[in-house]
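Multiple structures follow.
Two complexes follow with chain A in common, the first pairing it with chain B and the second with chain C.
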Partner chain A sequence: MLRYLLIRIARALAVVLCLSAVVFLLAHLIPGDPATLIAGENSTPELRAQITRELGLDQPVWSQYLSWLGHAVRGDLGTSLLDGQSVAAQVSERLPVSLELAVYAAVIAAVWGIPAGIWSAMHQGRAVDRLVNGTAFLGLAFPPFVVGTVMVLLVSRLTPGWPLFSFVPFDQDPLLNLQDLLLPAVALGIPFGATLCRYMRAAVLDVVGQDFMRTAAAKGAGRRRLMLRHALRNALVPVVTAGGLQLGVLVGGTVIVEQVFALPGLGSLIVSSITQHDFTVVQGAVLALGASYVVINLVTDLLYPLIDPRIRTTGARRDG
Partner chain B sequence: MTAETVLPDAGATVTARAARRRPFRGWNPTLTTGVCLLGGLVLTSLVVTGFGPYSAEDVGNALLGGPTGGHWLGTDNLGRDLFTRTFVAALHSLLVAFGATTLAALIGVPIGLLAGYSGRRVDGVLMAVMDIAMSIPSVLLALVLVSVFTPGTAVLVVGMGLIFVPYFARIVRAPALTVRERDFVSAARIAGVRPPVVIGRHVLPNVLSSALVQYANTAATCVLVEASLSYLGLGIQPPTPSWGRMIFEGQRYMAHDPLLVIVPGITLAVAAAAFGLISDGLQERIDPRGTRRTP
Partner chain C sequence: MNHGYTRRTTLALGGGTLAAALLSGCGGTATTAGKSNGKPVSGGSLTIGLDAEPTTGFDPQVAQAYNDQQIISQFYEGLLSLDDKGQVQPGLAKSYRQVDATTHRFTLRDGVTFHDGSKLTTDDVIFSLERLMDPAIKSPFTQQYKIKKVTAVDATTVEVKLSAPQPSLYHFLARPWSGAIMSKKWTTARTEDQIKTAENGTGPFKLTKWTKGVSIQLAAHTGYWQKPKPYLSSVTYRLIPDETSRVASLRSGAVQLMAFRDLRLVDDLKKTAGITEANGPLVSSVWINMNTLSGPLADKRVRQAFNLAVDRQALIKTLGGGDSATLGYVIPPQDPYGTTPTSADTVYAQNQAKARELLRAAGQTKVSLELVAPSDPAYGPDISAMELMKAQLAQVGITLNLKLIPFATVVPRVLSSDYSNMIMMTSVLNADPSQYVSLWFAKGSPATKVKDQHLWDQMAAAASESDDSKRVTLYHQLAQYIADQCYLMVPYAKAVRGEAWTDKVGGYRPDATATRLELKSTWLAS
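Moving on, here comes the complex of A and B:
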């Protein structure tokens, strides 16, 4: 068990480290000189040289990376190239919005996707199964930004009073906050739920065919007990892993959905910084979003032994 | 029962029996529908691009005009023909999807074969690297890539191609591992056939069906990712039309003319669904028990 935990934590650290290196190195390939960006096109070469020295840009890349990483670990992500604001402050202001959106979307996805998958598997081959399967299939074909755009269109036609493109923080007015995030969360939750639905259906069908299910049925377990006690718990194991991996898609989705609904999250910060070539902000924000995804993934990994006791005893999961 | 039976990353748990079965025989409605949809889309966009009365950039007098005999689906805010733009966009989107997926397959399949065939140490190292690469959300990676290089079609193809390499490596590795233990592979090895030839002649044919499913699957994802990036203004660049950008631009006028958003949205979904159907159809052939999809 301890071994399992340590491996998972080491892996999460490795992922964050790699992400930071990729982000940092790529940012260094950006054409254009940051000093010129700060000082302006018409600045003197002396001023630009001074800024380059102050930012440490005359140092070798690896030493710049190490110093950036050292600061990042202590919560200092540098300052924006454009307005000199602290990146960490901007990130910490916006990260909660993105996380809140991702959590709501995940809840909506789980609420519709998992029961639908089970239901569909229990009626394999019948009309219900085809209906659910078809819906899930369509859910996968429409990206969140299309779903969101169509929802904006419908809502503005049908209920003109509904707040669109606004955002109120949770601690100011929880009810308005929920109302603001409902549509974005649904737009993101529909495709994600479709993924969960398909995984769940496949997992249940897989479990139902196993020997222990026949044994349980032969021992006189009812259909209800058979499903709830024997099938679901086993079927959930792969779905949790698969769902955990798919959270990356969800995190990527928040970036786009925030843009559709003009939400002040980390994603809209990343997109606006990219268009403004403010790469210290891009670095910091991408690292923060990536790291929070890794943390969520680590949590699902740690939940694993709760669902599958075999991990507690053997201390290892058989990876493909 | 092991967890890996339905794990998407564990991928194809193709048994020896399933691998032996010829995957392309008989009538498969899912596959047929997918191929027909994709074929129809490709054909229409070729005809529209080649022989259509308008080009995608032709500006007309009718601004935001509804459907007429001359403009089947109406015009956008600059008077450009929506029908033409949608299908010219299809051509570019599909080119990007095919390009990126092919690149990913060309790099990923050899890595997967090498990992699966050489076993233990090489396998461990390669798969650890692939796992880490897969752990970074692909949209984030794509965003960072396009932010560094000037956004455009070439950057999209290379960037997305590299991002999807691990998916091919992973999906190919699993059947490669099982084939490695089969008698005909041992026989070839004992007979003194060199490893590259063993991999090419005996292992590769047995992993192709899994790779093909993954190909269709990745192409569907590429269509969606490209559209999302173009929506953000970081994908295909104007004046080349793209579904994502058309939706973005149409949003401002959609209260007046909803077709501007709905038409590219639905066509985009048709393209993604066509690849999805092909992937599912092929998967049904290989493993008739259930369907699964990975991004």
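Moving on, here comes the complex of A and C:
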């Protein structure tokens, strides 16, 4: 068990390290010269050279990377090239908004997706099943930013009183905060729920056909007990895997939805820093986003032993 | 002469147009008047939809992004100011006069206070102008000025000595960023980063809170010298980067005023009841610069044929709603030194037969040319127009290859002359007309793709002329000469951005800088 834990954590760390290198190189591939951006096109070459030196941009890339990494592991992501503000402070201010949005969306997704999947499986082949399946397909077909934009247009015309573009932090007014985030969370929760719904349906159907279910039924277990005690517990492992992976995707998906709903999350920070060529902020923010993806996957991995007792004893994962 | 490369184009995506400023003379204000007329009402909180956060922050003297300037224009003021028609007016100086060619005197207004309550003194003015010239500040405006020495003549008069005559001096001093007067005590007590996130100007509004990623909140400066302005008690800039969302927020009433970049929205907004839309001034000329030093475009006949092959009216139709003008010259039509566009239409009205004839005479019936242009979404309508132009050129035997690259790399290419045939950029309003021509044609500049002493002589004469009406004539002649030689093709000029506001907004007039200089005169109907 401990071995299982340690391996997972070591793997996660390795992924974050690789990620940091990719993030750093990517930021340097953004076209445009930060010195020109800071000093302006009508600046003198001497001034631009001076700024380049001050920023350390005249050093070889690997040496810039090592120096950045050295600071990053100590929690120092540098300062913004443009306004000199601490990147770590900006990221820690924005990340909670994105994570809250992702969790909110996941809750909405789970609330509709999992019951719909079970319901659909229990009525396999009937009209209800086809309806749920069709809805799930539609949900998958519309990316969150399309759903979001359509919602913005509809809400602004139909219910002008709705606080479309307001944002109040959770610690200031939790209720208002949940209201502000409702529409973006729904936009993200629709496709996510559709994925969960389809996984849940397939998993339940898979389990229902197995021998132990027949045995349980033969022993006289009721339909309700059969479903909740025997089928769901076993069907949950692949759903948690898919859900975990999708939750990571969800955190990434917040980037565009935040832009549509003008939310101060990590995504909007990334988009604005890319357009402003603020390399250090892009690096820090993408690293934080990537790291949260890795952490979510790690947590998912660590959840398996709780759901599936076999992993606790063998350390092996039943399903990938 | 001064090379004066000004950042004139828009940054990718949510970026800003830069360095927009208006000169004296006929201003390019938008034409639509607000519907809320009548008496101004004091109080009221206005919410403005903002497309992008400030880039470098609130230090006015280093701010050259439009994102920064549109907020700074509410915080800071210069010795001079611009009215809504773009004419230079007294500002913090109640009067000003030119003593000789290189000496100017400014008399300060009484009762001007900074937002921290301290009184404006000549010390602050001297400090601010010296700070502008200080290389350590890295101000993009430093090299536009020829200020040598600033001294106090008495308690309210400041004398500015120039190293050489500078016809653009008043225009630069009149802009809230390049002419910003800052408090000496406040500024020297702060680090560069602190100056970027706070402010202490003399302007109508002061900063109350900047929540990054969400909003910038402003409150009226109760000690503002221009009583009873400002009428609004507070202004909130709400950050809504997505244009569709921003328009939706205007419709729902969540914001009452906003700007938009996609002029195709104009038609849609026109149909919406309760919304006033204003097209911005026509200050965005599309410039296609030609390499006349090598390749097919070295032959003037090929350049002429290129111009004659194109139907400019058809190009404009692809741009969508809003006003556009067919041929601008190098200086945009609504710059006071610009040429009215109508006459140009006849100069290069489409004539494909003549275009073919010119190509035959030049011995180049199969010409292949590359046009480097920005790929960013903000240029989408222009790229559609270029695609149409490509089809029109094909009809006379010119093959146009469009090479789309990110805007951020277009400017360096222009400055280093890194393109084989043509490159495209768009203009915004500059403070001085010499800046438009210098960018493309300055003698000895690496960006210049012509070799023409006559052109350089004309540029030098126009730049140093101090009589304004003569200067206008000289720039018209210069622009005509450039058009005749086909050094630079300007297929059309359009507005950089439009603005829209709800019926509740009264007294608002857009200005050519598009930084809302007249927000102080705006009120909200209850």
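Simple rule for what comes next: the second predicted complex is superposed on the first by the 285 of 320 C-alpha atoms of A that agree within 3 Å, B and C clash if a C-alpha of one lies under 4 Å from a C-alpha of the other, contacts with A are read in each partner's own complex, and residues count from 1 in each chain.
To be clear about the criterion, a contact is a pair of C-beta atoms (placed from the backbone, for glycine too) under 8 Å apart; a residue touches a chain by one contact, two chains touch by 3 or more.
The shown structure was predicted, so the numbers you read here are calculated from the model rather than taken from an experiment.
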Practice problem: Once the structures are superposed on A, label A:Pro143 by its partner contacts, choosing first (chain B), second (chain C), both or neither. | Solution: first
Self-check item: Which superposed partner A:Tyr199 touches (first chain B, second chain C, both, neither)
Solution: first
Self-check item: Dominant contact partner of chain A by residue count, chain C or chain B
Solution: B
Quiz item: Is A:Val87 touching the first partner chain B, the second partner chain C, both, or neither of them?
Solution: neither
Quiz item: Between chain B (first) and chain C (second), which, if any, makes contact with A:Gly253: first, second, both or neither?
Solution: first
Quiz item: Now for A:Ala72: first (chain B), second (chain C), both, or neither, which partner does it touch?
Solution: neither
Quiz item: Thinking of the overlay built on chain A, is A:Leu164 touched by chain B (first), by chain C (second), by both, or by neither?
Solution: second
Practice problem: Scan A:Ala14 for contacts with chain B and chain C and give back first, second, both or neither. | Solution: first
Practice problem: Check whether A:Phe261 is in contact with chain B, with chain C, with both or with neither, and answer first, second, both or neither. | Solution: second
Self-check item: First, second, both or neither for A:Ala231, with chain B first and chain C second
Solution: neither
Quiz item: Residues on chain A in contact with chain B in one complex and with chain C in the other?
Solution: 30-31, 149, 152-153, 156-157, 259, 271, 274-275
Quiz prompt | Parts of chain A lying in touch with chain C, wherever the complex brings them together | solution = 30-33, 36-44, 47, 51, 82-85, 90, 93-94, 149, 152-153, 155-157, 160, 162-167, 259-265, 268-269, 271-272, 274-277
Quiz item: What residues on chain A touch chain B, complex-wise?
Solution: 11, 14-15, 18-19, 22-23, 26-27, 29-31, 137-138, 140-143, 145-146, 149-150, 152-153, 156-157, 195, 198-199, 201-203, 205-207, 209-210, 212, 234, 237-239, 241-242, 245-246, 248-249, 251-253, 255-256, 259, 270-271, 274-275, 279, 282, 286, 289-290, 293-294, 297, 308, 317-320
Quiz item: Which of the residues in chain B come into contact with chain A in the complex?
Solution: 1-11, 13, 131-141, 143-150, 170, 174, 220, 224, 227-228, 231-234, 244, 247, 251, 254-255, 258, 261-262, 265, 268-270, 272-273, 276-277, 280, 289-293, 295
Quiz item: Hey, which residues of chain C end up touching chain A in the complex?
Solution: 3-7, 11-15, 52-57, 64, 135, 138, 140, 143-144, 192-193, 196-197, 211-214, 238-242, 244-245, 248-249, 251-255, 405-406, 408-409, 411-412, 415
